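Per-chain numbering from 1; labels A, B, C and D assigned in written order.
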Amino acid sequence: MMNTNGTFNVQRQYLSHWDNIYYHLVTMPWKYFFALVFLCYIALNLIFASAYWLIGLEQLNGLTPGDFWHNFSSVYFFSTQTLTTVGYGHISPAGFLANLVASLESFIGLLAFALISGLLYSRFSRPSAKIVFSENLLVAPYRDGLGVMFRMGNARKSELIETEVQIILAMNQTEPDGATTRRFYGVPLEISKVSFFALSWTVVHGIDEKSPLWGFSPQDLEDANAEFMVLVKGTDEANQQAVHTRHSYVASDMVWNARFQPVITRNTQGLPHVLVRQIGAYEMLS
Amino acid sequence: MMNTNGTFNVQRQYLSHWDNIYYHLVTMPWKYFFALVFLCYIALNLIFASAYWLIGLEQLNGLTPGDFWHNFSSVYFFSTQTLTTVGYGHISPAGFLANLVASLESFIGLLAFALISGLLYSRFSRPSAKIVFSENLLVAPYRDGLGVMFRMGNARKSELIETEVQIILAMNQTEPDGATTRRFYGVPLEISKVSFFALSWTVVHGIDEKSPLWGFSPQDLEDANAEFMVLVKGTDEANQQAVHTRHSYVASDMVWNARFQPVITRNTQGLPHVLVRQIGAYEMLS
Amino acid sequence: MMNTNGTFNVQRQYLSHWDNIYYHLVTMPWKYFFALVFLCYIALNLIFASAYWLIGLEQLNGLTPGDFWHNFSSVYFFSTQTLTTVGYGHISPAGFLANLVASLESFIGLLAFALISGLLYSRFSRPSAKIVFSENLLVAPYRDGLGVMFRMGNARKSELIETEVQIILAMNQTEPDGATTRRFYGVPLEISKVSFFALSWTVVHGIDEKSPLWGFSPQDLEDANAEFMVLVKGTDEANQQAVHTRHSYVASDMVWNARFQPVITRNTQGLPHVLVRQIGAYEMLS
Amino acid sequence: MMNTNGTFNVQRQYLSHWDNIYYHLVTMPWKYFFALVFLCYIALNLIFASAYWLIGLEQLNGLTPGDFWHNFSSVYFFSTQTLTTVGYGHISPAGFLANLVASLESFIGLLAFALISGLLYSRFSRPSAKIVFSENLLVAPYRDGLGVMFRMGNARKSELIETEVQIILAMNQTEPDGATTRRFYGVPLEISKVSFFALSWTVVHGIDEKSPLWGFSPQDLEDANAEFMVLVKGTDEANQQAVHTRHSYVASDMVWNARFQPVITRNTQGLPHVLVRQIGAYEMLS
């Protein structure tokens, strides 16, 4: 149901594509965003250049007519100078229609750049944590029984405070009438909230009689199509905004009888140093 | 009291209309917003054009006087070039007064566009969920008795997480002294909070002895002018902001002895597919 | 301790006045804000005009020298054209130094207007409720005893949802050793939270044996310098942000044996209409 | 583990330095931010000036060629006029390539200033409290035993409301097997939440049998490398955003048998006046 990166494996019907425009503009990768902005810039200029062309070159002062290519590039560049409000003025609108279109174009140019300002800021300020999760869910001796655990680390410079973790387990279950339904269980955690998450955090669920996993073998979990949905919620300290991150583990991501290797060392100045790239490193228990 | 779309059916007295300007500028439909901005642009240009006209055409270099229409359109377009700071310069202020007004106009132009930038961003970033509600409230067998239920779906691409639903029931009640007063009741729900709301959600209230609806017939509810106010609260994942949505059902929206038809199918790739347009589809129970 | 409008009657020592610049720029009245921005515009132009003057008029092409006043106004207006980036170009920098200063000025101009954009948006988006409070705190028969109550109304078009009220009572109390200390008490309320606050809300504290006001006469409260600090917290629906408002009542604001007059009427279309201006209207009980 | 100013004494491995660019741009001191922006301005102009130079001076109208220095400064200043969109026009692009580069430069200029607008606003609106903490943690008689206390004051004009304090104590502890592990304890406080924090606040932990400090001598705490991590959370009233601040005290910051001197006086108008600079002033008890 959930992909490993926490997006949902679901398709929706939308009432109108306009509803999602802001969402797409804010979440698309930077390279596509800049490409789109640049294409809009070219397209707007082509539209206005065509308008000046249709109005006639004689309405633009300072433009010396030549062949088609020279003429069109001249009106195109006049359009860019108007849209960006650079307005050198060696070419300037003389007739009424050219003036009218130019006054509209510079207005639209300012509006468009105001819009881009707003979008750039939206993209910048979108709260986002970058939490690195171990690839595997380990099952290891814990207290008097077994525990299921994963490890996560903060891969950002900005601290994550008041961090909370919640795990929801989805499993197929055969009903008395033989039908298979998918059921959801909360998975209680040893510690589910920390005041600050400066280093790494190994999140542990102890398998006792109350655990939804009690008595399940690896094969049972595989058969039940078990999925652990991890929901992390915290406050990013750089902008003090709430951030949410998700991750998903399926039964085949589980490693039985293993433990995580240390991920915190001391650097040359004696400071604790978190090796985020090795967050998932584990070793088998004999 | 509440309209179906969740706005309140109430009129207020305002202390000053200035208090609501930001509210209107941010909530008005896009087409009115752009129309208003465009009208302000024209109005500002007319004001400044009149100022240049009153100061005299001889204070503007490069302007060749002609008939009234030519002259006024010349000062008007000079004004647009100054307000948008495009400043081609084929017309330029020469005298002291024209220079003074032009320096003021370009300053006001930049302020105005800064303001529009801010408003555009406010409009963009306004958190808003688009939740689709079933048109009807169904009453169907539920557990050992009856349940009242409605269904809702997320019509946005952006996930809604930590979603909570609350229902408040308003009913007229006859007091012992014969007077009719409107009373409000909380309506307990089977599940009132979900960690994520990826597909559709059927919100259910079981009618048991503790329910404010216990023992009411359809006619009783109609007579009592019953209104179910639904308040939904969640976190929009695109910008991690809280969003609130409301909906209202009245007694005549209730359908007794019916159940919702399935709204989730598999698309061609086998992904769950939510048919948001059919969120309200139901069938009568025999 | 608190003024009627909710600001604190306290003076603080500041470590640095720079810490409060953003606070002042965002909270000062609009007319002062615009006046300050305009003064900065004039000041910046005077500084740059002086720079061009010192560099020499011969470094500016298109400037025809005259008397001092003519010359200075010319460099001043050249400065305004550069700062706002309107750049007509009938005067343009020719020498190296003039070019250098002009390239700096247009850069500073853009930075300054970016800054003003940011401040304008900050001012716009600052969450603020406009709640109108009754001028008086009424004491009236309530249930089997007395109740203290005030009324408040929302004077904005934007709804206030999930509104919570808290009252803290401050009173002087004579200690056994004769010293007077100021003590703070929480005041329990009949209803302290509402899901939506669409009309008016009369907040009531019932005076029973557990009330900190139990057994106090009007004179006692006056003598104890009693102050009721009202803290209101809600979510503004226009931008879904939390808003906080405060109000203060002192003993002399209390009216004993009075009740509020109705504040909700029906308008011509039958809609409930809240008379916000009469939120404080009360009548004495016989 | 924590520095006195509340930053963590920890080093992390980052997956990509791009992840932290926004963090650095928003948190770097203002002088570095402006220096960086200015350097980017110069660098962009040098790049575009080189482009015009390579294209050839003959593609720029109005440029009178001279020696290298004159020529390069001419194209450099033409670039500044294009990037800032001031566009005087005494020099203007004539050939196709120069026009193309100029249309790109003015576009990039507008994007860059939109980006700076966004960053300036991010920097401005970043919620930040300025809480001043006493340098020392005092231990003084409290109730029937001892209490550990520190004092803090708000050094901003903006109120801090709904302020909560939490203390976490870290101590080395020798395990039965002789190994030393670092353990964390919550430290219960007399009052851990206040509705408003207008003056100063002395936060007190009473040392009773349940306290993790019970029975510890100053030397014991020193030996255990005790560290008190103070986490303060509140709502800044100027922008109604949550703010978090941290502070750290180690065993050597503790002063036994001392009490804080008064920090609140009356100013000349009789208003309470908080002497924030003397928040840490204490006196020894005999």
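Keep this in mind: a residue touches a chain if its C-beta (ideal position, glycine included) is under 8 Å from a C-beta of that chain, and two chains touch if they have at least 3 such contacts.
Just so it is clear, the model here is predicted, and its values are computed rather than measured.
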Each chain counted as touching chain A and chain C at once: B, D
Fitting chain A to chain B on CA atoms, where both chains share a sequence, rotation angle to nearest 5 degrees: 90
Chain pair with the higher count of C-beta pairs in contact (A-D, B-D): A-D
Residue-number overlap at the chain C/chain D interface, same or different (half cut): different
Length of the line joining the C-alpha centres of chain A and chain D, rounded to whole Å: 25
For chain B paired with chain D, centre-to-centre distance based on mean C-alpha positions, whole Å: 36
Numbers and ranges of chain C residues touching at least 2 other chains: 81, 85-89, 117, 121
Of chain A, residues touching chain C in the complex: 85, 87-89, 117
Contacting residues of chain D [partner chain A, same complex]: 1, 8-15, 19-20, 22-24, 26-27, 61-62, 81-82, 85-89, 92-94, 96, 99-100, 102-103, 106-107, 109-111, 114-115, 117-119, 121-122, 126-127, 166, 168, 231, 233, 241-244, 246
Parts of chain D lying in touch with chain C, wherever the complex brings them together: 37-38, 41, 45, 73, 77, 80-81, 84-90, 113, 116-117, 120-121, 124-125, 130, 132, 153-159, 161-162, 195-196, 198-199, 235, 237-240, 267, 271-277
